[in-house]
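Scrolling down, you'll hit the structures one after another.
Across the two complexes that follow, chain A remains constant while its partner is chain B and subsequently chain C.
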Partner chain A sequence: MQQSQTHKSFFIRRWQLTSLISLSAVFLLFVVFNEGANKWFFDSLSTLHAQGVQALFSGIRYGCILLLGAIGLSLTYKILNFGNFAHGDIMAAGIGIAISLNDIARGVITSLMPDLDNGARELYSLLFAFFGTVMITPWVSTALDRILYKRFRKAKPVVMIIASFGMALIIRSLVQIIWGTQNLGYGQHISITPPVVLVELWGREISVRISTQDWVIIGAAIVLTLLLHFFLTYSKLGKAMRAMADNPDLARVTGIDTERVVFWTWWIGGALAAAGGFFFCLAFGPFRLFNIGPQILLSLFAATVLGGIGSPYGAMLGGLLIGLAQNVLIVFIPYEFNPTAWQPAISFALLIVLLLVRPQGILGGSK
Partner chain B sequence: MNSFSLIAAILGMIIALALGLFYFRRGETRGQKIFAILGSLLSIGYLYALFLGNLSILQTRDLLSSGGMLTIVISLYFFLRAETTRGHWFVAGVTLSTLGLLYGGSALAGVEVLSLFSYLVRTMFVLGGLYGLSLLALNLQWGYTGLFNIGIHGFVALGAYTSTLLVKPSDITLGAEHLAETPIPAFGLPFMFGLIGAVLICGLFALLTGISTLKLREDYLAIATIGLAEIIRVAAQNLAITGKTRGIADIPSPLFDWLVKSSEQDTTGFVDPNYYIWFYAGMILVALLIVYLAFQRIARSPWGRVLKAIREDEDAANALGKNSFKFKLQSLVLGAMVMGAVGSFWAHSARSITPDAFDAVQWTFLPWVMLIIGGSGNHKGALVGAFLIWALYSITNFQNDFLPQRIAINIDWGFFKWQESLDIAGRFFGPIRIIIIATVLQLILIYRPRGILGEEKQVSTLVKH
Partner chain C sequence: MSLLEATKIVSGYGGIDILHEVSLKIEPGEIVSIIGPNGAGKSTLMKSIFGLLKPRSGQVILNKTDITGWSPDRIVHQGICFVPQTENIFPSLTIQENLEMGAYIRKDNFRHKLEEIYTLFPDLKNRKNTRAGKLSGGQRQMVAMGRALMLEPKLLLLDEPSAGLAPKMVDLIFEKTIEANKTGVAILMIEQNAREALRFSHRGYVLAAGENRFEDSASNILSNPEIGRLYLGG
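Then we have the complex of A and B:
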């Protein structure tokens, strides 16, 4: 019966379609006949025309960062059946570790190789920080599992959500204690000299700021997601992971060591979160570190649920969409309302609308 | 140290000891005897520190307030546990004696007791009472119906802003009026209308949230409520009508002009401005009592039993012909309305609100910790948890007056150099409180998942015992 229902409502139901069409009709009439709304709409359209390519690009960049975090959230969501509210703060801890490693490496490189030029020194120390945080941060998330979440395997999901909410606050407080409350980043030396690329669009030249870091972020996100895809599809552990996400009891019966799978799930989730955090700081740093966790967590949840809980590919798609939405849709918010502040709120509005239409997410299963 | 304070200290400690022994002999259960001993030890320790220690005025305030809070919280627990009338009188007696010793001793030592007592009333009864109210609401949503609402701070903020905008008279300036391009509408209604408006708006928002998410899996409601709270926060920070990030100042308090004698010429007022808060605390405690009795009645009614049935097994409740969606929606809306009232009460007691005041830690995480620790599904437990955790949270704030604000670090081991003037106050005080509370939560979740009081067994009055 469930099958037939899902077929009937493959994407959208009739009443939803009707209400959508009538709402858009009301909106259009409003825009056409109300002068203020008309002005707002066409102002927004012209802004979109002027800044659209830039917003699109920023959206893809931010989406690439978000999808790295969302994959880990989605994996643990499916395998352990709860939303881990500490994920954003694990990401913040990853950023902190990367910043410290970067500082240490820069100091060591300066003392060991004094005649190295600035660019190479920064590159080496950043590389060291990236690989360091990707190797160290996962142990934070696995330790969380060993210390805390393991005790709640048989408990209701909500108990685990509350525990993770508490754990998020503990990590956030530790981050504040360790890294303080001042703005931190990879140092002022990072070359933020954005090369301006000219794009020809509709017979008009539009300049887009695309720096090298942006290409690095997008490229690395593609490489990491491909690696994850091959891992999940071809390796034995990846297959076990997918089996366990599908049906934990059946997986246990077939002889899969579920605790081992859980361990590696946390490890991979932590590593991807650390990578995402590293790029987040590369793109938006310097900032106050302890604020980052809650801020990014909301977007991560929106991405995970939007893509469909438990599907890593859905999380990737959701991350990209949320990143795009946050950067493109703010064009419609008038300047005096401070558009950038509304970014997380926009993703939630989008999420709630989508939940009404398609509760299981874009790529989610029937359940 | 003069001879007077020595004599007073020794005398006070002897009285405390005598009272402790007196109550110890009259206590009925082991718990009550322990309570008597605790009260006695607390007053002895406080009197010792007061007369023989070298306390600053802030430290005296902190110690006195923490002693008072601890007494009230522990006595609340024993009061609710006591089963006989004599037990209730016993607990009341111990509480009054302990408070009397604490405040009487301070009065002897020349401390301005009344203003310090106002401080206690503000922290314990105004804020504690507000937490109690939001806990009753959260308990209805989570403890009875199983609705996972983690956007309490959103509803509280919504209620606070709605009430403020309705009540604020037009001639009072907003905190950020110069930032606003458009004139801000002001209604200047009486407080009652602000309260009702806050309740209705919160109910409306809860209704919309519930309609969109209550038919889905349970954690979608969590995401929707936290998202709503985020939207409300951003809106409050960026809309001209809410005064942007500076918030709104000079919010009128109910009956303030009528009650308070602000100057010699003021003919209607008869209360000193410092003691207005006592009236406010009374109002909140009355509201708390009303909501408590109403919710207790609701919980025992058929409606409340349906909620519990939904929490335990929604499919079974549906199969019995109950429209679980409708019941869940009603529970969510009712709870959110009480949260809106909390926001309204809070705005008019704090008298100025900013978006940052409604942060998730203080208005969502803390209530959740209170509920888990007190015992969900039990209104008494919810109240005990609210006052207990609020007292713990307030007491940990007093570290500011006892610990150094900055520490100079000067380490030089050749290969490792660390020289810094470490900002202890900004960097450690806030996080340490949160770590303490969160650790208590985890321990309770692991070792006593049902909370201190656990769930009350509720049987229909029609069933014979």
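Then we have the complex of A and C:
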């Protein structure tokens, strides 16, 4: 303990730094002297040059979606001390609610204002669906807490995890019952012809495709995270949430209504999950809803753990990093190996490497 | 009429009784110290009064209200605040936020009370935006006391406020305890520094092996040679 503390540099320990440097040296030697590796490396660099900006942008967009989901996971972890495996499926339920609301709204708008063009009609119904799902989905997550998790408040974390895993399966089946197994989505009618931004970079033209949806997703993620930040920093309930995360026993002794805090933690986590799910479907839909939960849950956990489990700001950073890693690092995988199939593997490789160096995550406390 | 009256408390953890019919009384505005060797049941008594432990039998009466077996968050509403011995602050919150949490259940504007606390602990005012986790032991103790005083309780329970502090800090914490008492709050405290604590207490209880051993005015306890030899270290 004493030993490792004295040798700790800014971020990592000295032996870790040494091994990192020697590994990179071996890698460099390999690239310089092995012809195949050399070709791969420069091919990748050339792809990175051509697609890097685009990949960066896609990474940020996907990161924004992930961080919205990861915040909820992190908040409930911090307050209740367990990883909620049902969070991905809450997101899927949020998407389902948004799809239904969108259909209802489009029907109503069509009958009330028949002259509206397709784009405007879709825009209005999507706005309705977004705010609707952000207001309705939280009641799903608070209901989970009331029905199941509340009975396990004093149980060990592993019991909670198994319980939440069961809950995830139940929600998944409910989603399948309600929304079926066909591909569902929305947003096909609003303009997706992307404006092309041209940048002159190192004597080469770089084009980036950024659709309206992308701007909306990134903007909304920024607004929502800022709202959460101000809520946690300045509101009485937000401060109580942080107090309870610090020391639940002391919070109770101080007179803080801890059950109320728990309720709003689930509510906020559910609302952000719904927002994240809505944008996930806007960017990547249509898809089969019941598949979404397990698919996104792994990335959410990777993001939460990478950023430092229990830290909402860590979850934001982790979400962004995982999103970026999945989109930027695949540029290095040769085309014949099907790069997109490697996306989840890349995020977990990144996670494993980071956890070896810094087990508490990037922004995690030493607790 | 006593402020708080605990009668014949039997309490403990699991199946084992630690307190065997312990009784204790606090008058409004008093400082009362509980002293006694380790394992005498001092903390158990305090936890039983505050509802952190449910007494197996006996009664706790606060201002004519029977609060036996109530949960701590209900008891807080009745005007008792508790400062645990350890982990008594919220480390990632700032000093100011810690104090605000103390006033969580207050519905009125508590600005004036905040100013009062800062007058009592001027050190805290200068660093009010510092995270409490970065403070020294003595400063943490001040934050913890300040937090508890935010509710203007009738009774403040202090579990070993001087534990682990440097001698200078111990004196300061005791000074602040007296100052807080002068504003009208009654104080019940457990202290290892029994002699110093009794010097400014009004009354004292000596607990040993989960039973009332002795109870008198603080000055009488201090001058009792047998108590001095057995419980005050000569």
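Everything that follows uses one rule, which is that the second predicted complex is superposed on the first by the 354 of 367 C-alpha atoms of A that agree within 3 Å, B and C clash if a C-alpha of one lies under 4 Å from a C-alpha of the other, contacts with A are read in each partner's own complex, and residues count from 1 in each chain.
To be clear about the criterion, a contact is a pair of C-beta atoms (placed from the backbone, for glycine too) under 8 Å apart; a residue touches a chain by one contact, two chains touch by 3 or more.
As the structure is a computational prediction, the values presented were derived from the model and not from experiment.
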Evaluate whether chain B and chain C can sit on chain A together after superposition, giving fit or clash.
-> fit
Give one of first, second, both or neither to describe whether A:W342 is in contact with chain B, with chain C, with both, or with none.
-> first
Of the partners chain B and chain C, which touch A:V31 in the superposed model: first, second, both, neither?
-> neither
Partner chain in contact with A:I162 - chain B first, chain C second, else both or neither | first
A:L250 contacts which: chain B (first), chain C (second), both, neither?
-> second
Considering only the touch criterion stated at the top, classify A:R242 as touching first (chain B), second (chain C), both, or neither.
-> second
Which superposed partner A:A283 touches (first chain B, second chain C, both, neither) = neither
When the two structures are laid over each other on chain A, which of chain B and chain C touches more residues of chain A?
-> B
Reported in degrees to the nearest 10, the CA-centre angle with chain A in the middle and chain B, chain C at the ends is 90
For A:P294, decide between first (touching chain B), second (touching chain C), both and neither.
-> first
After fitting on chain A, the minimum C-alpha spacing between chain B and chain C in angstrom comes out at 18
Under the touch definition given earlier, write down the residues of chain B that touch chain A in their complex.
-> 146, 148, 150, 181, 212-213, 215-216, 218-220, 222-224, 226-228, 230-231, 234-235, 237-240, 360-361, 365, 368-369, 372, 423, 426-428, 430-432, 434-435, 438-439, 441-442, 445-446, 449
Given the complex, residues on chain A that touch chain C span 236, 239-240, 242-243, 245-247, 249-258, 365
In the complex, the residues of chain C that touch chain A are 50, 52, 72-73, 76-77, 82, 84, 87-93, 97, 100-102, 104-105, 147, 151
Chain B contact footprint on chain A (complex, rising order) = 82-83, 148, 151-152, 155, 157-159, 161-163, 165-167, 169-170, 172-174, 176-177, 180-181, 294, 298, 301-302, 305, 336-338, 341-342, 344-345, 348-349, 351-352, 355-356, 359
